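Look at the two complexes coming up: chain A is in both, with chain B in one and chain C in the other.
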Partner chain A sequence: MSSRFRPAVRALLGLVAAAALVGACDRELRDFGSSAPEAGPTIQTTSLTPGPGGQVPPDPRGEIYEKSAAHVSEGGRLFRWYNCNGCHSNGGGGMGPALIDDEWRYGSSIEQIYGTIAEGRPNGMPSFRGKATDEQIWELAAYVRSLGGFTPQASSSRNDEIRSTPPRNQVTPPKPSAEGGASVQGTAP
Partner chain B sequence: MAEVERRRTWWWIAAAVVLAALIILFLLKQTHYSPPAAKMTTPAAYNPGQPTADDGQWVMPAKDYASTRFSGLNEINVSNVANLRPEFTFETGINKGHEEAPIVVGGTMFIVTPYPNKVFALDLTKPGAPLKWSFEPKPAPASQGVACCDVVNRGAVYWDGKIIITTLDGVVIALDANSGAQAWRTQLGDINRGETITMAPLVVKGKVLVGDSGGETGVRGWLTALDAGSGKIAWRAYNTGPDKDVLIGPDFHPFYKMDQGTDLGVKTWPPDAWKTGGGTVWGWISYDPELNLIYYGTGNPGPWNADQRPGDNKWTSGIFARDPDTGQAKWFYQLSPHDIHDYDGINEIVLLDLPIGGKVRKVLVRPERNGYVYVIDRATGQVLSADPFAYVNSSKGVDLKTGELQVNPDKVTQVGKTVRDICPSANGAKDWNPSAWSPRTGLLYLPHVNMCMDWQSAEVSYIAGTPYVGAEVVMYGGAGGNRGAFTAWDPVKRRAAWEIKEDLPIWSGALATAGDVVFYGTLDGWFKAVDARNGQLLWQFKTGSGIIGQPVAYKGPDGREYIAIMSGVGGWAGAIVSGNLDPQDPTAALGFVNATQDLKKRTNTGGTLYVFALPPRR
Partner chain C sequence: MRRPASAAAALLLCGCTGVQTPLDPAGEQAASIHTIWTLMLWVCGFFYVLVIAGLVWAIWRNRRVAGGAPQASTHDPGMERGLAIWSAMIFVGLTVLATWSFFVDRSLASTHEQNALHLRVTGYQWWWKVEYQEGPHPWWFETANEIHLPVGKTARIELESGDVIHSFWVPNLSGKMDLIPGRHNVLDVTPTRVGVYRGQCAEFCGFQHAHMALTVIVEPQARFDAWRLHQLQPASTPATPDAQFGQQVFQSRACGMCHTIAGTDAGGRMAPNLTHIASRPTIAAGTMPMSKGALAGWISDPQGIKPGSKMPDVPLTTTESSAVVAYLSSLQ
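So, the complex of A and B:
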């Protein structure tokens, strides 16, 4: 008797489990139609602001890009496409500085990283304005933020390359001093 | 009374005679250097107008045109080197890798630093060697972003009253050696195409020979000759492309069939790939005045991902022999055809006359990145022997009939495949850091590494002025646990005489002297003197930073022998420290960081000249 119902019960249980799994997934909504305005953010490369006033407020677009897994992932693809990995490796650096440590010569905020990619920096960082689109530069900046461990929630849980280190969403976040305003350290490249 | 007086006088005369004899002997030893009983002859040393066997100067990084790095001075020798002590130091103020050799001419020492390529002239005639003059070429700061493996410079060269240097942004500059005033300045490289210059120039028959760096940024390699008097370009020979660009004409007679044919610099590449194919010249040039030939090696083909460039990729990873007057090629031998492991062919070429097969032959000896010591007939380009001096599994030997490297099919790198345990690693069993030859022992002293790697090729697009590599590499120490080795190699018996194991990869050059002492430095800053005959450690001194420089020996204006070395970690091996790279990423610095993860704990940055001597005689 009971054996006649067993397949049906099993199927039902399977369905319930599948439904529970689907329900547990909080799928990120992708906005396929959007494209960021071509103008870049207002960039502040130093935390010194003489007189009253203070810091430039953050660009609202920055948060949108760095909290989107799709943008961060696309940034990772572009990181190879534009040969960023040729200099910065998988974040450990080489011809260029490391991006997974807590030293940020020109600032670690997404606006500052955007500015570094778009405008270049005098000691060897080329300018990608006009080579990459504005949206691509935002996506690259979002990926670099994820390399730095600032945005673990949007990072991939596995590596695509031969590294034997933990995935980026498990990287220990950098010390608080590196977050926020610029921390220009030294004048070396 | 008179008897006593007379006896005293005799005593005084005898004492005076003995004293005079001693003084004469002392002076003789000071001024007359008797050449060692040379077992083998080397081509004429670079002695501008001085016929002595060793004038005590060091006018070019390789010491002489044969690139022996052998000093005939023997005041410092096996019996007294233990007393060596620092005489003076000089801080360069630059925290990048100091690969350069100090140059000594007359009473002045010249140093060119890594970027920003400052030049310092030190007055050796005064106590403490104060600064005589300095020169700042002010290279473009952006050049730092296209220099593959730290912003190094391998040294200056002296020629006819001038000090000639190269700068990272692709410029050659001649300075008046007395005043430091600029005589001429010629721009050769374009950093927007990824071209930099890191090599030391060589002057042959009034021509300054300089090549480009940038094998990792898809440049087209070349060697350029400039008129040493005016700085005007005399000729340029490319290492890829059509024969007319490579300066291949009717005089070109490569020994092996694989290197024969027309326009191989185009035909052995996919269409147009030769334009971004590398084959740079960033190492060493030697010169044989009798054959009137210069010899130099060409760098790796680009990109590292070999799937993007099927073919032999002429004329990369090989040795050219050329006429220095016209630049016309005489012969070429490709050490690593269609290189798949980044085995640049740019290492030093030591010109020796060796007894091989019962007769003395004019050969060149090349300890190569791919792990073999090649002994090649320098008139024809015929390989006489090629023996591994380190553990090699990327190839199974060299076919002496065809000249071909027998690549191990198990270690072929390809897209979509991770190839593990390739030995030697991309930096080779031995990289740029030059060996030294002692005619007294008949041994070539090889500072090198013992490293292997994992490799994953990936598609890469060419964007001018950015890296063109297409490979992820992770390096690590080879079998035995030692990452470095210092090997005394007998090129006639074709085997090692002795070997010293070093924990860290060795990135410094070597120096051999007539005192039978050999010098080298370690990545964590030890400067060592070992017995040339058996490798026994005789003396060591811990300098302020890791050593990747080239030791030299000279006779000071006071007649004493001095040993000089730059300390200052960096280069590809020390980039983890000089570039503050993050060892969490084992692929950093093209994979080298994984092999030197511990280096930040063992040394720090800082460029300092150290000069050593024996305590002065009393």
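So, the complex of A and C:
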């Protein structure tokens, strides 16, 4: 009896396996503008000068933005549109500090990078609060994180233009010891 | 009226006139494409009728001889002659189509006009940047999503892309041509009839591909010159207090990061130039007709109107938003 049904069962199992396989092809959903997460806790920025500072509380929006490939790539577009590479030169640094090394004067968490972009920093970094929308600043921060190799799963395997650096999903993230400065949040090496 | 079939066909094609159709050519290039379209219609129509007639005849003939046994014959002079004529007709038909198509293609590809109006169109997601590059540098100017052309004069349009592949297609004036990143394509357009035509991106380019249109206004030379002189002027100074506040908001908030308004501090190079936005027929690349209401809607909720568009939802208060609308709609 069972041998008569065996081929049917096998076919059914195959079908279920195929369905599971197709189910894995899920793509991330994109949220546009107002549907993106809006209000969160107010970002406490790290102190204006490098050195020991207070803790920056984690923001739920940070994780949403840095895990979304769409937001990270929009951040890359804004990085060029707002001429961030004029000083940071595609992350390699020039007039401004490099963003692909493991040295972060004002911290490397996405909340701290958000604060740096929104408030500006002494000696050249302008404040983008009001000039860029909140969503755009989060996207920029997420992109800057991806430059440092912190979020390989959301980064593109291909750069938009010719660069000497490896693709962002192959950048080696900074070593924990080197990140020490940032883990004591707000302090600089 | 002598040929009822052609009269009926002409009547049918009357439904195809409009601002965006290749069947109502208003340019030399579109007209020559239209001739080949018509020729193909007649040649293919002729053969279609012939094949259907042959089929009907075969069915009818089979029924007539149904009573007798089928006659298998290896030698049928009538059939042989018929097949020879049929092959010759196919050969002639294909040759006529191929030759005509070759010459039309050559004539479209040759850019022999020497004193053409020179402009550059750059495609972005999802709008068109239009730069008139005629004469010395101070005479150059930039607009967006609208092209004005003098009637009867050839315009040489350089096509470039700022991001992905787009395709420039104004069916009433010419065939389509792709805008390819890193390449420099050239399209000659010679409008022959005054009118307003609509062009559209003809290569899928992302979320808002369908909302990437442009308006082409073909006008007499004198009106074109007047328009051009006006475009060379910087933006008008806002007169009302509302509009003045709007200008301040525009310059101090996110607007000026991407948009340029000539004569003001707003100098972003990434989004459409808004110096004379109120004189344009549409906003957001043909998404909505130009009006204060549409401007207000667009400024307060661009992602609701055109999801995925590069214009962000800028948080403005109602006062700020209506002031910006007052300012922009004063930019004639």
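In the analysis below, the second predicted complex is superposed on the first by the 126 of 189 C-alpha atoms of A that agree within 3 Å, B and C clash if a C-alpha of one lies under 4 Å from a C-alpha of the other, contacts with A are read in each partner's own complex, and residues count from 1 in each chain.
By definition in this document, a contact is a pair of C-beta atoms (placed from the backbone, for glycine too) under 8 Å apart; a residue touches a chain by one contact, two chains touch by 3 or more.
Model, not experiment: these values are computed from the prediction.
In the superposed model, A:136 makes contact with chain C only, not with chain B.
After overlaying the two complexes on the shared chain, residue contacts for A:126 are found with chain B alone; chain C is out of touch. Looking at the superposition, the partner that touches the larger set of chain A residues, chain B or chain C, turns out to be B.
In the superposed model, A:101 makes contact with chain B only, not with chain C. Contacts of A:92 after superposition: chain B is touched, whereas chain C is not reached. When the two complexes are overlaid on their common chain A, residue A:82 makes contact with chain B and with chain C alike.
Annotation: chain A residues 81-82, 131 touch chain B in one complex and chain C in the other. Contact residues on chain C toward chain A in their complex (touch as defined above): 252-254, 257-258, 270, 301-304, 307-308, 310, 312-315.
Per the touch definition, chain A reaches chain C in the complex via residues 30, 32-35, 77, 81-82, 130-136. Contacts from chain B toward chain A in the complex involve residues 95, 141-149, 151, 216, 418, 454, 456, 458, 460-461, 463, 465-469, 472, 474, 575, 579-590, 593.
Those residues of chain A whose C-beta lies close enough to touch chain B in the complex are 80-83, 86-87, 89-98, 100-101, 103, 122-126, 131, 161-165, 171, 188-189.
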